[in-house]
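Encoded as C-alpha cells, here's the structure I'll be asking about.
Order as written gives the chain letters A, B, C, D, E and F; numbering starts at 1 within each chain.
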Amino acid sequence: MINMAKNIAAFGEVIMRLQVPGHELLSQSSTLNYTFSGSGVNVVSALARYGHTGYLVSKLPSNALGDAALSFLWKLGITHSLITRGGEYIGMYFLENGFGVRSSRVTYSNRSESSFNTASEDTYDFKEIAKQIDTIHFCGTTLAMNDSVRTQMKIFAKEVKERGGTVVFDCNYRPSLWGDNGYVKAKSHYEEMLHLADIVMMNEKDAMFILNMQTEKKERTEQLMELIPTVAKKFDISGIAGTHRSINDTNIHSLRAFIFKNQRFTFSKTLTFPVYDRVGAGDAYSSGIIYGELAGFTPEKTVLFAATAGMLAHTTVGDTPMSSKEDVLRAMTEAVNDIER
Amino acid sequence: MINMAKNIAAFGEVIMRLQVPGHELLSQSSTLNYTFSGSGVNVVSALARYGHTGYLVSKLPSNALGDAALSFLWKLGITHSLITRGGEYIGMYFLENGFGVRSSRVTYSNRSESSFNTASEDTYDFKEIAKQIDTIHFCGTTLAMNDSVRTQMKIFAKEVKERGGTVVFDCNYRPSLWGDNGYVKAKSHYEEMLHLADIVMMNEKDAMFILNMQTEKKERTEQLMELIPTVAKKFDISGIAGTHRSINDTNIHSLRAFIFKNQRFTFSKTLTFPVYDRVGAGDAYSSGIIYGELAGFTPEKTVLFAATAGMLAHTTVGDTPMSSKEDVLRAMTEAVNDIER
Amino acid sequence: MINMAKNIAAFGEVIMRLQVPGHELLSQSSTLNYTFSGSGVNVVSALARYGHTGYLVSKLPSNALGDAALSFLWKLGITHSLITRGGEYIGMYFLENGFGVRSSRVTYSNRSESSFNTASEDTYDFKEIAKQIDTIHFCGTTLAMNDSVRTQMKIFAKEVKERGGTVVFDCNYRPSLWGDNGYVKAKSHYEEMLHLADIVMMNEKDAMFILNMQTEKKERTEQLMELIPTVAKKFDISGIAGTHRSINDTNIHSLRAFIFKNQRFTFSKTLTFPVYDRVGAGDAYSSGIIYGELAGFTPEKTVLFAATAGMLAHTTVGDTPMSSKEDVLRAMTEAVNDIER
Amino acid sequence: MINMAKNIAAFGEVIMRLQVPGHELLSQSSTLNYTFSGSGVNVVSALARYGHTGYLVSKLPSNALGDAALSFLWKLGITHSLITRGGEYIGMYFLENGFGVRSSRVTYSNRSESSFNTASEDTYDFKEIAKQIDTIHFCGTTLAMNDSVRTQMKIFAKEVKERGGTVVFDCNYRPSLWGDNGYVKAKSHYEEMLHLADIVMMNEKDAMFILNMQTEKKERTEQLMELIPTVAKKFDISGIAGTHRSINDTNIHSLRAFIFKNQRFTFSKTLTFPVYDRVGAGDAYSSGIIYGELAGFTPEKTVLFAATAGMLAHTTVGDTPMSSKEDVLRAMTEAVNDIER
Amino acid sequence: MINMAKNIAAFGEVIMRLQVPGHELLSQSSTLNYTFSGSGVNVVSALARYGHTGYLVSKLPSNALGDAALSFLWKLGITHSLITRGGEYIGMYFLENGFGVRSSRVTYSNRSESSFNTASEDTYDFKEIAKQIDTIHFCGTTLAMNDSVRTQMKIFAKEVKERGGTVVFDCNYRPSLWGDNGYVKAKSHYEEMLHLADIVMMNEKDAMFILNMQTEKKERTEQLMELIPTVAKKFDISGIAGTHRSINDTNIHSLRAFIFKNQRFTFSKTLTFPVYDRVGAGDAYSSGIIYGELAGFTPEKTVLFAATAGMLAHTTVGDTPMSSKEDVLRAMTEAVNDIER
Amino acid sequence: MINMAKNIAAFGEVIMRLQVPGHELLSQSSTLNYTFSGSGVNVVSALARYGHTGYLVSKLPSNALGDAALSFLWKLGITHSLITRGGEYIGMYFLENGFGVRSSRVTYSNRSESSFNTASEDTYDFKEIAKQIDTIHFCGTTLAMNDSVRTQMKIFAKEVKERGGTVVFDCNYRPSLWGDNGYVKAKSHYEEMLHLADIVMMNEKDAMFILNMQTEKKERTEQLMELIPTVAKKFDISGIAGTHRSINDTNIHSLRAFIFKNQRFTFSKTLTFPVYDRVGAGDAYSSGIIYGELAGFTPEKTVLFAATAGMLAHTTVGDTPMSSKEDVLRAMTEAVNDIER
C-alpha cells in the first residue's frame, strides 16, 4: 500500500500491565485487566499502524505468560520474527487508577528477573538484525536495567549506526529505576547513547539533571532554548524533540511540543485536553516524530502530528497508541465532533 | 391515573445498539453491551413513561434477535400490538465511546436488509391503525431508507391526517444516509412530509440545506428567526421546534431550545451540562415538545420541559430517555442536589 | 509501631450498600456491587488504618448476609470482638449513581427491622465495653432510629464519659429519617447527646434547625461564628468541628473546614476537587478530626488533615475512607502528581 | 394469533432475587445479579409466552426498586394494569449457588414488610378484577404470609369461583415459612383453599403432612395413588397434578409427573436431565398443566407438556420459565441436538 | 524452528461470533462476547500454531469492524498479507449457549451481504496467490453462498492444483444454508470440488445425501466402508477423513475418527469427553489431518492426532483451536492430570 | 464462644493467585481474578473459621500488593500481629482453568524473590512467637524454597517443640519446586522436619520417594499400611494422616482418608463428588485433622470430618476453605439437599 514502508525495530522489554478496573485500589478490588506493552512495543506498534513494518527485538519466557504476551504483540500488528523465547519471567506492573487529586499508582513486580533483563549477552545476533532494519528505537528505561542489558543496547546501536540505519533514543529518565544518586550513575551511559543517536527525545530537564548542564534561566522554555542546541552540537544529534506538559487537578493536561533540527526550534501550538489514560502517551509522541521524519514532513507538520498523536493516546485505553494515521491527521485540523456516524 | 392519556404511535425501525463498554475500541475489547432503540422507540417510550400509551408500528424478525428486541420494547413500556414479525434481520449499530477530543464512532450493519426496511408495502393496515391512534411520529432517518419505506410513511401520514390525528415529523437529516447529492435527493421527500406534518422538529440548517432556502444572515439565531416562519407558512405547520447546540472539548454541551407557534418564537434559557450519552437526546427533546403540546403547556413551559428532558437524556445510559415526568419537572426548577436520600 | 495507639469504638449500624455499577438506573441494570459500611464503620476503619485499634459495637444477623458483613469489616481492619450476632436482617441501601445535573439516588430497605435496630436493650454490656475503650463515636443517624436504640446510645455515652473516655458525636441530621416535624422530635435527643459529648461535628445549620437557635446574620460563616461558640458553652463541648461545602453542576465540590476549640475558630483553606464517590466523605472528615485531636496536632494541622482526608475520601470507591495517613499527609502539601511510579 | 387466548391472573408477591454470580459465597463476592420473580410472576409470564394474556394482582413500592420490578415484569410480557403501587419495600432473597455436594443457599430479607404483605385489606377491588379474568393462580407460599394476605386470597378465590372462573392452587408448602408446628397452623387454611380450587398442584406428601392423612403404603407412588383420589373427592377438585423428583450428587435430577382427573391417573415418562437453575421449575410445571387444560390436551399430552416445560425451566437462567411453546413441543419429541443453526 | 514449515492458506469468510455469556438467552442478557472466526480461520490458525505459516484469502470491510477482525486474526497468528479490504459488512452469528437438554442456538446476520460474499470476481489474483502457497483449504459452507463465490472457489482450486499445490476440501454440508432441495442444488458444485481436491473431509452421510449414493447397509461404519472407497476412486482423491460423533444429554460426546488412504481405512480409538464449546471442533480435526499428512505421520498417528486435536478443541473457549502441538501429543498418550503445576 | 480456642499459627508464604475467569487461556482473556492464599493461610483461616485464633508468621512487601494481601488475610479472619512488612515482592501464580480432559495449568512468577523467601534469618523472633502459640503448621513447599527459609523453619519448629507446642508438618512434595534429583536433595530436610513433627500429612508415596523406603506391595493401600507405621516409629510421630485420591475425565474425584495413630489405622468411607476448584483442598483436609485432634474427636470422627472438609473445599471458589464447622458436620451425615431455603 505504501511503497515507502520501512523496517523499524525497537529493543526493549515487554511488560505485563495489570490494571485494577474502575477506580478501586488493589486492596478493594478482586479483578485485574491485563495487556502487554513497553516503550518499544508502543512505538513500533504505532509505526506499524501508520504503515511501516514494526519489529520488536526482545525475549519472552516459554510459558503461558510468554504465549499471551506474544499473542498480544501480534494483535498490535508487531512482527515477531526477532523475538526470542526462554527464561522464566515477564516484568509486570500493577496500575491503580487515580481520580482528580488522587494520583494513579504503579507497583512493579519481577522486572529485574524478567527474561529480557536476564538474557545472556549472546542472545541476539545484532549484526544480522541490523541488516534487516532501517531504524532502531531505544528507551532510557532499558538503560536503567543492568550492565548486561546496557551492553546489548550499545552494541546494537553501534551495529545499526555502522550500517547506516537511524538510531532513535528516548531519554525517559525514571528516578525510581536508578535509585540513590541516580543521575550520577546514569550520566555516562546516557552520554554513550547520545553519541550513537540520530534522533533524541528529551527536554531541558534531562540536560540539567542527567547531563548536569547549567543555566541561569528560570523559565523552562528559555532553559530549553539555551540547553538543547548545546546538546545537539556536543553529541552530533540531527534532531531533538520533546514536550512540555502541565497538569491541573481536574484531569486536564496541556502539551506543547518542540523539535530542534537544522539549528532551528519549531514549536507546536499548545494542546489542552482531558486525559483518560496517561501511560504510554510519550511513546505516541515519539512514534509521531519518527513517522514525520521518515515521511519527510516539514518540522511544523512533524511536531503537530506528533503532539496530536500524543494527545490522542491520552484518550484511548492502554499504554499503546491506537489511533490510525487518518485519525491523527483529522484531529490536527478539525474541531471535536458530536458523534461520527 | 391520567384521564388525558393519548394513544401515540411512532413508525420506524428498531435498531440494536451494540456498545463497547468503557472507552476501548472494537479492536481492543471483547465485550459488547446491547440494547434496542430507534428514534420512534425513544419518543414513544418517553411518552409512555409520562403517562400516555405508546405504540410502535414496525416489523421485527421472527428469530432470537427479534424476540430480544420485543422483550426490550416491553421493558421500555411500549405497547407491542402494532408490531409485525417476519423477515430476517434487525438493523444494528456498533458504538465506540469517545473521550474528550476523540469522538464517539458509530458503525452500522444490516440496516438496509432489516425486516422493517424490506417489509412489503402491504405489511401494515394503516387505515386500521390510524383509527387507534391520536398522534403519529415520523423521523427523517426513515425517509432516507428506500422508496418502499418512504411510500409507507407518506400513506400512513395521510391516513392519520385524514382522520384528524396529529402528525409529528422530525427532520433529522443524516448526511451519511443520503450519500452524494443527498440534499438534492432528499428535498422533495422532505417537502411532502412537511406538507403532511402538524408539528415539525427542525432548525435553520434544515431550511438552508434541505429546503435550499436562502438568507443573508450570518448568525444562526438570526437565520433561524428569518427562515422558520417562512417554512411554517409555506407548509402550513402549526408548530416548529428545535435546538441550538454547542460543544466544547471537555464534554460540556450547551442547549438552547425554541418553539415557533402562533407566529411567535419562544426560547428556553441556555442549559449547560456535562454529557454521559449523547445518542437519542434529540428524541427526548421531541417527546418533551409533544408532551407539552398535548398537555396544553404554555410555549415557555413546553420549551423548557423539552430542553430539560433533552438535557437529562444526556445524563442517562442508552439512547432511550429514562427520566420520569417528575424528574423533568424537578430539574426545571431545582439546583443540582448533593445526593437524594 | 505507634505506642500511642488508642482503643476507639463506634456504636452504630452496619449497612449493606448495593450500588448499580456505572450510571444505569435500577430499572436498566441487572447487576449490583455490594459493600458494607455505616458511619461508625467508616470512622473506626479510618482510625484503624491510621494506627489505632478500631472496634465496632453493633449487632449482625446470624446468616449469610451477617457473615459477609463480618468478613467485610475484617477486611477494613476493624476488630470484631464487640460485635454481637443475632436477629434476622441487615439494613440496606441501593445507590444509583448520578451524572452531572442528575443526582445520585438512594433507596433504603429493611433499615428499621435490622438486627441492630431491633436489638433488645440488654444486648450490649456497656459497662464492660466502656472499660476497654478510650474513645467512642456516635452518629445522629443512629439517634433517628427508635427509642430503644436511643436509650442504648445514651447509656453507652454516659458509661464512657463516667470512665473518663472521650465521647464524639456527629450531628448528621437527615430529614428523611426523622419525618414530619423532624426537628421538633429530634431536639431533646440531640440536646442530651450534646451534653454528653466532648467532640461534636456540626455546623450553623444544625444550631439553627435542630437547636432552634436564632441569628440575624445572613452569610453562613457569620452565622457559624455567632452560633457555634454559644453551643460549645451551653453544652460544655471542648471541640466543635465541621465543614462548609459548595457544589457545581460538573461534579466539582469545594470544602472549607473549621474547628472551634479553646474559644478560637481555626479554618482550613478552601479545597476544590472533582468528586468520584460522595457517600461517607463526612466520616473521613470526622476521623481526621479525631486523629488530629488524639495526636495532639495544632488546630491548624488538625483541620487541614481532616479536610484533606475528607477530600481524598471523595476520590475513592465506597463509603469507607481508604487513604493511609501517609496519603493524607502527602496530599496536604504536594500538588497533584502525574503518575506515582 | 390464538383466538382462544384467555385472561389469566396470579395473586402474589414480586420478589427481588439477588444472586451471587458463579459459585462464590456472599462473603467472597462483591457482585450480585438481580431479577424479579415470584410464583405468580413465573406462572403468568409462562402463560403469556404461550399466547394468553397474563396479569399479576400485586402491590409494588413507589420507589426505584418498585420501578425496576415493574420494568422487569413488562419485559417478561406481563400485563401490569392490575398492579398497585405504594408501601415501602419489596421482598428479597439472596441466592448463593451450590456446586455438587454443596447445596444452594437462600437468605430472605424484608419479606414480611413488603408492600404486598403489608397491603391493607381494601387494596384490591377483587369483585372488579374477577370480572376481567378467566383463571386465577394462587400459591401456598402466599398463604404462609399473614392473616391479612390470607383473607385477601380467600376473598379473591371466592369472587373468581362465583363468577365461574377457574381457581388454581399450588400447595407449595415451605416449612421455613410456617415455623414451628407449621403443619398444624397451615391445615385449616389449606383446607379452605382446596375447597375453592378447581386445579391443585400437590403430591402425597402434602396429603400426609398438611392434611394429616394416613396411609400404610411405604412407596411414594403407592401413597400417591391411595391418597390423591381421596383429596380430590373430599374437596371436589377436578384436577390434581404434581411431580416426583429424585436428585443425585452430580446435579442430575429425574422428574416423573402425574395428573389425576376424571378418576384416572396419568403419568409421564421419567425425564432425567442435568440442572442449571432449580428455582421456579415447579412454576413452569404448573403453567404447563394450566396450558394443557385450557388447550383441551389429552391428559397424556398435558402431563408430558408440563413435565417437559418443567425440565426446560431447569436449563435456563432465573426463576421464570423462558421456553416458548414451540421449544416445549419440540423437546417433547426430539432427542437433544448438537447445535441449532 | 521447523524447516519443513509450509505456506498454507484458506479461502473463506471471516465471521464475527457474538456470544451471550453464561447461559442466558438473548432476550435475558445485555452483554455479548465477540470473537472472529470461520472455518478457514480456524484451520490456518491451528496450522500456524503447529509451526506452519497460515494465510487467509478473504475480504474485510474498511471500517471499525473490519479493523477489529484483522486484529483478531493477527492475534491468532494468521498472516494477513492476502486479505483485501473493502465492502461494507462482516457476517455475524449470535450464539446462545444451551445447557443439557436445551441445545445451543445460532442466529445469523448479514452473512449474504458481507464483504467476502459480495466481492467482485476479480477481487483476488488467484494466479499470483497460488504461487505463494503449498496447500489451500476450502469449506463446503463457502460453496453454499452464491455463484460468484463458488466461481472464485473453483478458479482458485484449479490454480493451486495446476501449480502442484495440495487442495483440501471439507464437505461440511449445512442444510439451512442450501434451503429447500438443498442436496439437489449442491450436488454438481460438490462434485466439481471433489474432482479438484486431494484431501477431503466427509463421511458416509455426505456420500448418501449430497452425492446421492445408495447402500443397503444399515450401520454407519458399514455404510462408510462401502461408500468412501467408491468416492475416492470416482473423484481421484488421495485421502478422505472424517469422524463419527455420538452425543448424550449430559454433554458427553464420543468421537471416532477415520482416514481412508492408499485403499486402506484406519480408525482411531473412540474418545469420550465432556464438551465446553462445540463450535469449530471439526476444523481442529481437519487441521490435525492436514498437519499429519504434511508431517508424514503414519495413518494411525495422523488419525489419532486429528481426533485428539478435535477433542481438545471441545474443551477450549471459542471456535478456533487453541492447543499447541505439544498439548495434542501429550493428550494422545497421557491420562488426565490433576493440575499442571 | 468456645473456651477451648487455641492459638494456631502457620509459617509460610502468602501467594497471590491470579486466575483467568471462565475457561479461557491467558492468551485469550484480558481479565484476571485475584485472591491471596498459601498453604499456611488456608490452614489457619479454616481453623479460625472453626473457632480457634489463627496467626500467620510471614513477611509481606510494603507496597500496594502487600496492603492488598494483608486486607485479604483480614477478610479470611486471620490475626495479623505476627506478619512483618518489608522486601519488594509477593509470590504469584497464574491459574488457567482446565475443562474435562484438559488439565488446569499453573504458571508461577516471582516466587523466589518474594519478601518471604528473601527475608533475612533474623526477621522473626521465633522464641517470642513460640510463647504465644499452641500449634504451628509447616508445609513441604516452604522447605523447597532456599536454605535461609529452611533454616528459619527448623529453628521455629524447635522453639515450638521445646515449649511443648504441637508441630504439624504437611509433606506436600512438589517435583517442580525441587528440580532434578529433587528427592535426593529433599530427603535430609524432610527427615529433619519429621523428627520435629507431632502430626504429619503424608502417604505411602512420600515414604517411597522422599524417604526412599522399599516395599514389595503393589496396591497402594497395602503399601500405605506397610510403610506408614515404620515412618511413625522411626521419627516418633504421634499421628500421620493423608488421603488417596482418584480422578476421572469428567471431573469426578474420589477421596479416601486415613489416620494412623496409637498404632492403629482408621479409614474414612470413600467420598465421591464433582470438583469445582481443586487447589487448596489438601489444606482443608489438614485443618480438619488438626481440628479433630484438638477437639479430642475419635479417629473415626476426625478422619471423616477432615475428608468431608476436604470434599467441601473442592466445591467452593478459591484456595482457602470457606465452609463452617456446621457445614462440615451437616455434610458428614446428610444427603445432598435440593436448595436450602
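Everything that follows uses one rule, which is that contacts are C-beta pairs under 8 Å (C-beta built on N, C-alpha and C of every residue); 3 or more make two chains touch, one makes a residue touch a chain.
Which chain is which protein? Per UniProt: A, B, C, D, E, F = 2-dehydro-3-deoxygluconokinase.
Being a predicted model, the structure only gives us computed values, none of them experimental.
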| item | value |
| --- | --- |
| Most distant chain from subunit C, judged by the mean position of its C-alpha atoms | E |
| Which listed pair, C-D, A-B or A-E, duplicates the contacts of B-C in over half of its pairs | A-B |
| Centroid distance [mean C-alpha coordinates] between subunit D and subunit A, Å | 63 |
| Euclidean distance of C-alpha centroids - subunit D vs subunit E, Å | 46 |
| Distance between chain centroids, defined by C-alpha means - subunit B, subunit D (Å) | 42 |
| Shared interface positions of subunit F, touching two or more other chains | 25, 27, 30, 71-72, 105 |
| Complex contact set, residues of subunit F against subunit A | 18, 25-27, 30-35, 63-65, 67-68, 70-72, 89-90, 92, 94, 96, 105, 107, 109-110, 113 |
| Partner subunit F, residues of subunit E touching it in the complex | 252, 272-276, 311-312, 314-318, 322-323, 327, 331, 336-341 |
| Footprint of subunit B on subunit D - complex, ascending | 71-72, 74-77 |
| Residues on subunit F engaged by subunit E in the complex (per definition of touch) | 22-25, 27-28, 93, 98-106, 108, 174, 176, 245, 247-251, 278-279 |
